[in-house]
Amino acid sequence: MEQKTLILGVIGADVHAVGNRILDYAFTQAGFKVINIGVLASQEEFIQAAIETNADVILVSSLYGHGEIDCRGLREKCQESGIGNILLYVGGNLVVGKQDFAPVERLFKGMGFDRIYPPGTMPDVPIADLRQDLGLV
Amino acid sequence: MELSGKKMDQEVFQRQREEVLAQWSTGKEVNFEEAVAYHKALPKSKVMAAKLAEGKAKGITYTQPRAGVALLQEHIELLRYLQDEGGADFLPTTIDSYTRQNRYNEAQAGIEESRTIGRSMLNGFPAVNHGVTACRRLMESVQVPVQVRHGTPDARLLAEVTLAGGFTDFEGGSISYNIPYSKDVPIATTIKHWQYVDRLVGLYEENGVKINREPFGPLTGTLVPPSISHAVAVIEGVLAVAQGVQSLSLGYGQCGNLVQDVAALQTLPVLAEEYLHKLGLSDVMITTVFHQWMGGFPQDEAKAYGVISWGAATAALGKATKVIVKTPHEALGIPTKEANAAGLRTTKQVLNMLKDQTFPQTEELALEKKVILAETRAILDKVLELGEGDMALGTVRAFQAGVIDVPFAPSRFNAGKILPARDTTGAVRLLDFGNLPFDEETKSFHQERIAKRGRDEGRDPSFQMVIDDIYAIGKGMLVGRPRP
Amino acid sequence: MELSGKKMDQEVFQRQREEVLAQWSTGKEVNFEEAVAYHKALPKSKVMAAKLAEGKAKGITYTQPRAGVALLQEHIELLRYLQDEGGADFLPTTIDSYTRQNRYNEAQAGIEESRTIGRSMLNGFPAVNHGVTACRRLMESVQVPVQVRHGTPDARLLAEVTLAGGFTDFEGGSISYNIPYSKDVPIATTIKHWQYVDRLVGLYEENGVKINREPFGPLTGTLVPPSISHAVAVIEGVLAVAQGVQSLSLGYGQCGNLVQDVAALQTLPVLAEEYLHKLGLSDVMITTVFHQWMGGFPQDEAKAYGVISWGAATAALGKATKVIVKTPHEALGIPTKEANAAGLRTTKQVLNMLKDQTFPQTEELALEKKVILAETRAILDKVLELGEGDMALGTVRAFQAGVIDVPFAPSRFNAGKILPARDTTGAVRLLDFGNLPFDEETKSFHQERIAKRGRDEGRDPSFQMVIDDIYAIGKGMLVGRPRP
Amino acid sequence: MEQKTLILGVIGADVHAVGNRILDYAFTQAGFKVINIGVLASQEEFIQAAIETNADVILVSSLYGHGEIDCRGLREKCQESGIGNILLYVGGNLVVGKQDFAPVERLFKGMGFDRIYPPGTMPDVPIADLRQDLGLV
């Protein structure tokens, strides 16, 4: 089967690197091609990497609480850059504070993300979703 | 300017100062002489170094939370709540992540958005944007010393504004606020920037104002072996004292095994004094800071209380001067003030119940101490060798060579070759030494301990063990055993 | 019937049995042979002694809550919640206070009133009133062993009903469920009543059914020195084994000083085995139970979590087979199921983080163990001397003479002369020895330790110190220091 | 000043003896004459002790949760016994479970108690109240 390409990174001024390392390892183990742009990644860096590698999915992490500010407009920028239909996943501790997940999910759905993951999501969950969304099952 | 560990030239400092103060409008509020006078008028009870000295003499373990929100009034209310309802002995001001990256425009946007929607959109207090007067309003609203806590590679302006604003303690350092907090900043750069901060503190000291400095002990907070964080703490201490710092709190992040953690707390000041002495630096006051577990927490609050309490117990038995407290919301998000105060009260209960108990000096403890001392010395001696006697130069070269190597750090100036894993008792050991300059005896000690765990678990040590250990505490364990 | 520690005569037992089963209507449901068959059909995972044996072999510390409400369905829901959401390894059924006093009419009124108003008006589950079938419904609704926990001086009918109902563990004993739980019941009476219970357990054992017995370790829960509760535990163990009990869990209530508590846990089985052997009683399985602090708790839940965690840490480091868990509601009222499960999860987190760590054998620990061994032996040898070799007789006489004396006990058959107080490290010592048969060396050890505290606090040891210690943990301390 | 007499006891099937010991000590230290009928005390024992000693106040403790059941009718029994106006104080952990204190206070006021104390009350509080209610200040 053809190998699907994922862009992985931690958006904004966020430096939380541990989860990113584990996701990189887990997605690679699961058979995906992982382009890891690491922490402190801007929206532009995500998009550029996706265009350059003809990626299938952008997976955005945000742990530090500014996710709401940092992710706004990413879908629109993708559209402007001609990859408007790329799958966008986001996960981590997306907002400031301990909040119910349902409104957070709605918020990020509204911003154009396809899948939104609550804090502490284990890698097997997005791996299963990727397989489904990419028609690998 | 060439890199060296020597005291900054006064002229160089002054020239830089003008640039620094021009980085954001609030820099104009800073007036050093007036700030010195402001500090001298502070009551002793608000001066960190004074209260630390008292605690050190009496064997007290103080508590301090982490906390910061976008707006001044809300931040004041938050800190007063932590002081009154949490009984915090020291207060923090945690700085937001935009300020940490010197993105004052974004911080400003965060402030304004927070005002509009009525809740903090920033994960900390943007002190530079708020400026000197606002900081002083804060100082005058609370009764205990307040420290700046952040994670800023270039904290020069932040230091100028907050110290002029009456803060009496400033966290961070050239390694500890670079390697875990940035991706692209060369170490030589942060050393210079932090020499500026330390020199500024030195100036305050020369003018009779006590400012405590605290290198950030836990680094990435995730399975950092004590000798790595100790080496970093000693280097930052040495660099700071060279600039005139007089009062140092050295930090260490809990690993979870009691004996290893107590050994770490007991060896940290020993090593610092040893290397300060070796480098001919003057005597300074050294206190210790213990961070409750800094890695991934359990989401369940009841379990989080267990982790917090075990950190408190270790701090008490290790006789740390200060413990930095986590909250039951840790795994999920910035805590409410109630959750934060709850973490403080849990901690205080345990500290109080243990304050008159001591951890006995045993063979196991002696062994852990020996190992930590030997490893830290091996690293530090190599740093000095690489630096031809100069700690600053040596540090840059040591990172290049992987002689210091911080696990899971985002910085590309960190080798990222070592792999830590727990042994079967939960002590953090090394599975891969990268280029750490350890002798064979040390290496085989680690290997044996990890091999023992492998045998207990019926598997070969591998990266999977590391991953399991990263998740372990969050899943209610210490050692990441394979699921049965 | 004359009092002695010997095995009950079978005929005497049978005659009593008829009376006992006639005390309340549900006694009619009891059919021993059928009950034996019921037990034999239970899966091993629901048999306390089997699971305890496994834990003992593997060095596991199990958790158990306290819980009981008036109505069966609610009680089942409560226990399932504690099993599923709290992860309880063992479940309890705490019996209400009317049943404990054999006031079955009042218990019945409580059941009916609870039904009417829809919340439990009783502080426990009235198992006698509910009867054998109801108990079995309970057994069949949960997955783990269930124990009866109560405080009943005359628990004969309760034992008959609950053991026939499938419970595999029964708490209590002639001293531990008399002295702290009643005012006017002679010890000779409770010894006889508990010999009946133990003989009943012995009969089950003789028929191939394992029933664990657990003397109630903490007594009044308030500053009970280890040697006092150990002496009681050993006596009750000896009396139980004489009736055919095969599996004993011996309990101890946390005092708060780690070294003393670990010493207590380590000496308890040693002493039990020693005296069983001395009295020619057969080998039985002995496990240990550690009770998180049993005295007054802080009202604040965050502080209560701290106390709970410190109890969990001590249980783990002392390698108790089981820990009985408190809840964050302790100071205020019977906990909700949520609070109860939270206490369990906090405990479990700490146990898991410490399960592979050990407390080192040190001089301090050796000293505490020596003291506890010497004191307990002094008491027990005197008991045997007074009883002319008979433990039952000796116990009655020992209480008369104040040779065993439980602090703060309500019973008028307890001398009530001793006064415990903490030393400066928080270990529980004696301020007044009453008539305890301690030698001069032991006495001066206590006196010196308490005198040291007096010096530290600048006051003479007195009853005020005892009062301060009673309040201390509730107020966030361990040692009740005078307010500054 | 004349010494006032207090009846102290723990009502019902309740055996919690520690607080009772401390209250006995504290009230005695404060100059009252304390008749302590101890734990497991019935309503009748309280009343009988009060009549015999011509007591000024009955102080009822209930810790174990059955206070609501055990205390019902005490005021009425006092009235029947001719000491209908005696001061009745009650304290401890009066009901089953952690409950708001206001409704508990109302409940016991309704039963005819003059003062009701929440869990963990320190002795100085009732001592001050006693002095006031007995006109000792």
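We just call them A, B, C and D in the order they show up, numbering each chain from 1.
Methods note: a residue touches a chain if its C-beta (ideal position, glycine included) is under 8 Å from a C-beta of that chain, and two chains touch if they have at least 3 such contacts.
Please read these numbers as outputs of a predicted model, since none were measured by experiment.
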Contact-connected components, chain B excluded, all else fixed in place: A | C, D
Graph separation of chain A and chain C (steps between touching chains): 2
Whole-Å gap separating chain B and chain C, where each centre is the average of the chain's CA atoms: 45
Centre-of-Cα separation between chain D and chain B, whole angstrom: 54
Interchain centroid distance [CA atoms averaged], chain A/chain B, Å: 30
Centroid spacing, where centroids are CA-atom means, of chain A and chain D in whole angstrom: 65
Chain pairs in mutual contact under the definition given at the outset: A-B, B-C, C-D
Contact set on chain B toward chain C in their complex: 256-259, 298, 300-303, 305-310, 312-313, 341-350, 352-354, 356-358, 360, 362-365, 424-426, 473, 476-479
Residues of chain C defined as touching chain D within the complex: 97-98, 100-101, 103, 106, 109-110, 113, 119-123, 151, 180-184, 220, 222, 295-296, 299, 329, 331-336, 339, 408-410, 463, 467, 470, 474
Contact footprint of chain C on chain D as seen in their complex: 12-15, 17-18, 21-22, 25, 38-40, 64-66, 68-69, 93, 95-99, 119-120
